[in-house]
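Next come two complexes, and both contain subunit A; in the first it sits with subunit B, in the second with subunit C.
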Partner chain A sequence: MHADERKEAETIIRASGVNVRKCMKCGKCSATCPNFDEMDIHPHRFVSMVEEGDIFALMQSKSLWRCLSCFACVERCPRGVEPANLIEAVRLEVIRPLAGNRLRPEAIPALLDEKIPQQLIVSAFRKYSK
Partner chain B sequence: MKFSYYPGCTLKTRAAELDVAARQAAEALGVIMEELPEWQCCGAVYPIARDELATRLSAVRALDGAKRLKNPLLTLCSACHHVIKRVNNDMQTDDDMRAKVNSYMDLDDPYSGETKVVHYLEMLRDEIGFDKIRERVTQPMKGRRISAYYGCMLLRPSTVMRFDNPENPSILEDFIAALGAEPIRYPYRNECCGGYISIEARDVAREMSRKIMNSAVKRGADTIITACPVCLYNLNENGTGEVPVVYFTELLAESLGVKEPEGGLVHAR
Partner chain C sequence: MQKIGVFVCWCGSNIAATVDVEAVAQASLSEPGVVFSTNYQYMCSEGGQSAIRNAIAEHGLTGIVVCACSPRMHEATFRKTAAVAGLNPYMVEIANIREQCSWIHRDKEEGTKKAIILARAAVAKLNRNVPLIAGESQVIKRALVIGGGIAGIQTALDVADAGYEVDIVEKTPTIGGKMAMLDKTFPTLDCAACILTPKMVDASAHEKISLFTYSEVESVSGFVGNFTVNIRKKARGVNSDLCTGCGVCIEKCPSKKAKSEFNQGLCNRSAIYIPFAQAIPNVPVIDRESCIKFQTGKCGVCEKVCTAKAIDYAQEDEIITRQYGAIVLATGFKPISLESYDEFQYNQCPDVITSLEFERICNAAGPTKGKVLRPSDHEPPKTVVFVQCVGSRATVECGKTYCSKICCMYTAKHAMLLREKYPDTEVYVFYIDVRTPGKSFDEFYRRAVEEYGVHYIKGMVGKVAEEDGRLIVQGSDLIADKQVIIEADMVVLAAAIEPDPTARSLGTMFTASMDTNDFFTEAHPKLRPVESPTAGIYLSGLCQGPKDIPDTVAQAGAAASKVIGLLSKDKLVGNPCVAACNEPLCNGCSTCELVCPYGAITYEEHLVVDHGVRETRRVSCVNEAICQGCGACTVTCPSGAMDLKGFTNLQIMAEVDAICR
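Now for the complex of A and B:
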C-alpha cells in the first residue's frame, strides 16, 4: 500500500469513529440502502475497502455523492458498524482540500425554484462543499 | 408548560405554515413556546465526522441558551431536531468533543448536555397526551384518510433519537387518530425521500418520492402529513401529485379550530 494511502486510511478511521473489524460481512447495509442502484461501490464494500486500505478508489467513487445520510445502514447493521460514517469521512477527504468542492455557490441560482426550502440548500452545501 | 423554541431557518421562510400553525395550536393547548433569542441555523445536517467541531457549535449555542433559561428546548423541523439532539448526545457522551467545544466556546458554565431536547410531536404525546388532544378537538377530521410520512431524521439512529420504534413507528398515526381521521399505514412511510439529492440529481429524488406517494395512495390515503420541509418539498414537487402533502401542525390547528383562514400562509399547491 502507498504511504499516502495508508495515511488516508488512518484519517478515515479516526474521523469516522468506525471499527471496520466488527463487520461480519452480512451485506445488510447494502441490501437496505435506498440508493443502492445509484452507487458504483456499495456500503458493505466501503467497510471492506477501508479495512484493506483501498482508499484512492473510494475517493473516486460516485457513491460519495449518492449517499443520502438517511442512516438506514447505521440503524440496521447488526454489528453497529455505521457504514454511512465511513462514506462521510471519505467524502470529507475529497472536499476538504482547496478546490475539492463539488457544489459551487455560483451554480446554485440555476438549481433553485420558488419552493425549494433553505434547509435543502444548506444540507447540500454541507454535504458537497467545504 | 413552557419551552424555549428553536424554529430554524426554513420555518421563518418557506415553511412558515409549519411554524405558525404550531404556535396557534400550542396557544390553544396552553403550551408556552418562547422563541430562543439569537438562535442560528443548525446546519441542517448532523456533522457525522468526529473531527468536525465548528459545524457543531450553533447547535451547542442553542442548547446552552435553553440551559441558561432553564427550559427544555422544543424543536419542530425534523432536521433541526436531528442535529440538535445528536449534538446534545455528543456533549453528554464524548469527553473529547465536550472538552474541545467548551474550550472553544469559553462559556462561564461549561455545557455538558444538560438541556432536554423535545420534538413538538413528543411534546404532544408525552407532555400533553393524545387522549387530552382528542378532547380538545372541535373540528374532528371525520372521513379523512391520512397517511403519515416519517422520513429518516426523526427515527434514525434510534439509539440516539429515541423517538419511536424506528421500523414500525406509531406516533404520527396516533396523532392522526386523535384528530378524528383514519390513519393509513403504508410500507414506505420511513423510507428516504432523497433529501438534499434534489440539488445533485433530481431524477433520483423523483423516483424515491414517487415510490413513497404511490405506496400511500395505493392504500387509500387522501392526504400525507410530515414534519420536515425537505420531505414536503420532495413529495410535493417530485412526487406524483396525486395527493397533497401538508405539515402535521396545519391539521392540528385546523382540528383545534384555530387555523389561519385560507390565504397568505397556505401552500400554492
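Now for the complex of A and C:
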C-alpha cells in the first residue's frame, strides 16, 4: 500500500469513528440499500476496502455520489458498523481539497418541489458542502 | 512456638534447573520456628512423602512447608501425608516455586533468590496457622429438578434410576418443554414426540419421581445437602385425583378464543384445556383469564358435564414444603421477541413466521394437521425463504451477542422437509455462516444442498415487504456481489434463543451466578461444566448456554451423575477455610451480607463481651456449610471484623512482611 493511501485510510477511520473490525461480513448493509443497483462499489465492500486500506479506488467510485445518505445500512447493521459513515468520510476527503460549498442554503427554496422528501435536502448538504 | 520443617522439591529438573534447591533449604533454616529442612528429587512420590512423615515423627514438627508446585496440583496430597503422620492437615503450607518461580525465570541466581523469599513467606504464614477442623453436615437423599423439559426429565430419570427420590417442578401444565413442540429432530429426522413422549411416561410412572406441574418454586433456604424449598402448586381448577382425562369438558367449553401456547398462537384453544394430546399429567387446567365462569360468574358448563366431579372452581394455590440434598436448574429457553425487527415485517405479515411456528405448522398434531399452509390464506406456499441469524451474533440492543447454535441445523432440516414433502416448492436459505459442528451434522446440511436442491445464499436479508399478498424479500448475495429480490409466499425467521425469563429470579433465589445474557455460569467452564459455583446447585440443559438435544441429554446425564455423587454420601465434610466474624469488632453494618454471593451471612442478636462490657448486639453470622471461602466479606468489612480461616489478615500481612523484609 502506498504511504499516502495508508494515511488516507487512517484519516477516514478517525473521521468516521467506524471500527471496521466489528464487521462480520453478513452483507445486511447491501441487502438493505435502496440504491444498490446504482452503485459500482457496494456498501459491504466499502467496509472491507477501508479495512484493507484500498482508499483511492473508493475515492474514485460512483458510489460516493449515488449513496442516498438514507442511513438504512447504519440502522440495520447487527454489529453497529455504520457503513454510511465510512462513505461520508471518504466523500468529505474528496470534497474538502476542492474547497468551497457547492450548495448554498439560499439556493434551496428555488429547488424545492412538494414531493421532495426533507431527508433529501439534508443529504444534499452532506454531499455538496465541505 | 511452632516447630517447622521445610521440604524443597526438585521436581526433577523443573525446579532444580533454575533454583538452587539446597540453598533454599539452607536459607530457610534461619527462619523463625524452622527446626528442620531438606530437599528431594520428587517430594510427591512415595519416597518424598515418607521423608515428610519420618521428619514429622522424628523432630516433633507442628507444621510443614513444602516448596514445590502449585497448591492446585499437590496441596491435597501433602495434606493427606501430614494427616497420616498425625498433623492437622491445615498446618501444611505450599510455597509455589515452580509455576511462580522456576518456570517463569531463566537466571538461576535470581530464581534461587525468589524461591528463598517465597519459602520465607510460607514460613511466616505457617507461624500463625492454627489447626482447623472441618464441620460435617447431613445429606437429605432427595433431589429437586426445576424444569420439566428434556433436560429436567433426563436428569430426573438418571437420578431416580440410581435409587434416589426426585421431584420435578414445572411451571406449565405439562412436562415435555420445547422438545414436545418440535416435529422432527436433526440429524436423523426421527420424530420428536416418538422419542420424547416415552420418556415423559417413564418420568411420570417412575416410583422415585414426583411431578409438580403447573407449579413454581416460591422460596428456598438452607445449604448443600440440606435445602428447604417452598413450592407453589397453582390452582388448576381441576381435582387431579378425580379427573379421568376424558376430555368432555374441553369439548363442551364455550370459550374457545384463547391462543394456544403450545401451537405458538397459530390456533385457538378452549379456556379449560390440555396443552397437547400426549400431555403429562393428562389433567386439564382452567385458564382463569379466558374462563367465562371466572370472568362473569355464569357458565359452569365444565362442572355440569364432568361425570367424575373433578371440576373445582374454589381450588386455591397450595404451598408445599419439601427438603432436598441437591437442586438441578433445568429452566430452558425461549425464542427472543422479534418486535424490534420491523425490517422483516414479523408483526405485520402473518406469513412471516418464526422457526418454532414453522415446527408447529409441519407437525401432524399442529394447527394445519401437518400440511404446510400459509397462515394468511391457508394456501400451500410455492416459494419459502429462510433467514438465519435473526437476532443472533448481534451487538446492537435488540439482539444477542452469541451464536444460538441450533438454527443452522434446524433450518437445514426445515428446508429439507419442505422439499421432501413438496418437491415443487422453491426453498432459499440466507446465511452468514453455516455452522454445523457435530456428529453427522455437516453431512446433513450438505444433503439439503446437494440432494434436496435447497438454494443457500451467502448474505443477509435487508427487508421484507408485502405486495399483493406476496412477500418481497430483498437480500444480499455476497458471492455474486448482487442484491437479490425473491418473491416469496412465506418467510421463516430463525430467531435467536435466550434463557427462560424465570431463570433470573431463580438465579437470585439460589444465588446461582449468571452471565450478562442470563445464562447460568458453571463452576469452571471446562472442568466443572454442570455445577453452579454455589455448592449443591447443578445445571442441566439450555439454561447454561445454547445447545441442541444431544448436548442437552449428555449434560443432563452429567448433572445427574454429580447429584448421585452428592446424594450417595451420608455426611458432607465442609471446607474449614471459611469466613468467621470477630463479634466484638462487628458494627452490624450488613455490608458483608450484601456482598456475599452465596447468601451465607445472616445477622443475629448475640451477647457480646467487649472490654468487659456485656451487651446484646446485632452481629454478622456465617453459615459455614454455605460459605465457599471466597473472602469477599473480609475485604469489604469496614471494621476488620471479618476474617477468613486459614487466610487471616494477620497471616497475609505476615507473608507480605516476610517478602518485603
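In this section, the second predicted complex is superposed on the first by the 102 of 130 C-alpha atoms of A that agree within 3 Å, B and C clash if a C-alpha of one lies under 4 Å from a C-alpha of the other, contacts with A are read in each partner's own complex, and residues count from 1 in each chain.
Criterion: contacts are C-beta pairs under 8 Å (C-beta built on N, C-alpha and C of every residue); 3 or more make two chains touch, one makes a residue touch a chain.
Note that the structure is a prediction, hence the values are computed from the model and not measured.
**Q** Which partner chains sit in contact with A:I55 here, subunit B, subunit C, both or neither? Use first/second/both/neither.
**A** After superposition on chain A, A:I55 lies in contact with neither partner.
**Q** Touching A:A9 in the superposition: subunit B (first), subunit C (second), both, neither?
**A** Once the two structures are laid over each other on A, A:A9 reaches no partner at all.
**Q** Quick one: is A:W65 in contact with subunit B, with subunit C, with both, or with neither? Answer first, second, both or neither.
**A** first
**Q** In the overlay, answer first, second, both or neither for which of subunit B and subunit C A:V90 touches.
**A** neither
**Q** Looking at subunit A, which partner touches more of its residues: subunit C or subunit B?
**A** If we count touched residues of subunit A for both partners, the winner is B.
**Q** Touch test for A:V20: subunit B only (first), subunit C only (second), both, or neither?
**A** Touch partners of A:V20: none, neither subunit B nor subunit C.
**Q** Look at A:V47 in the shared chain and tell me whether it touches subunit B only, subunit C only, both, or neither; answer first, second, both or neither.
**A** After superposition on chain A, A:V47 lies in contact with neither partner.
**Q** Which subunit A residues contact subunit B in one complex and subunit C in the other?
**A** 72
**Q** Which bits of subunit A are touching subunit B when the two form their complex?
**A** Checking each residue of subunit A against subunit B gives 14-17, 34-35, 38, 65-66, 68-72, 74-75, 84-85, 88-89, 92, 102-103, 111, 113, 115-124, 126-128.
**Q** Touching subunit A in the complex: which residues of subunit C?
**A** 343, 389, 393-396, 399, 432, 458-463, 474-476, 478, 481, 483
**Q** With touch defined as at the start, can you tell me which subunit B residues reach subunit A in the complex?
**A** My answer: residues 8-10, 13-15, 41, 43-52, 55, 77, 79, 152, 155-158, 166, 191-192, 194-201, 204, 208, 229-230, 232-233, 236-237.
**Q** Could you please specify the touching residues of subunit A with respect to subunit C in the complex?
**A** 22, 24-33, 36-37, 42, 44-45, 72, 76-80
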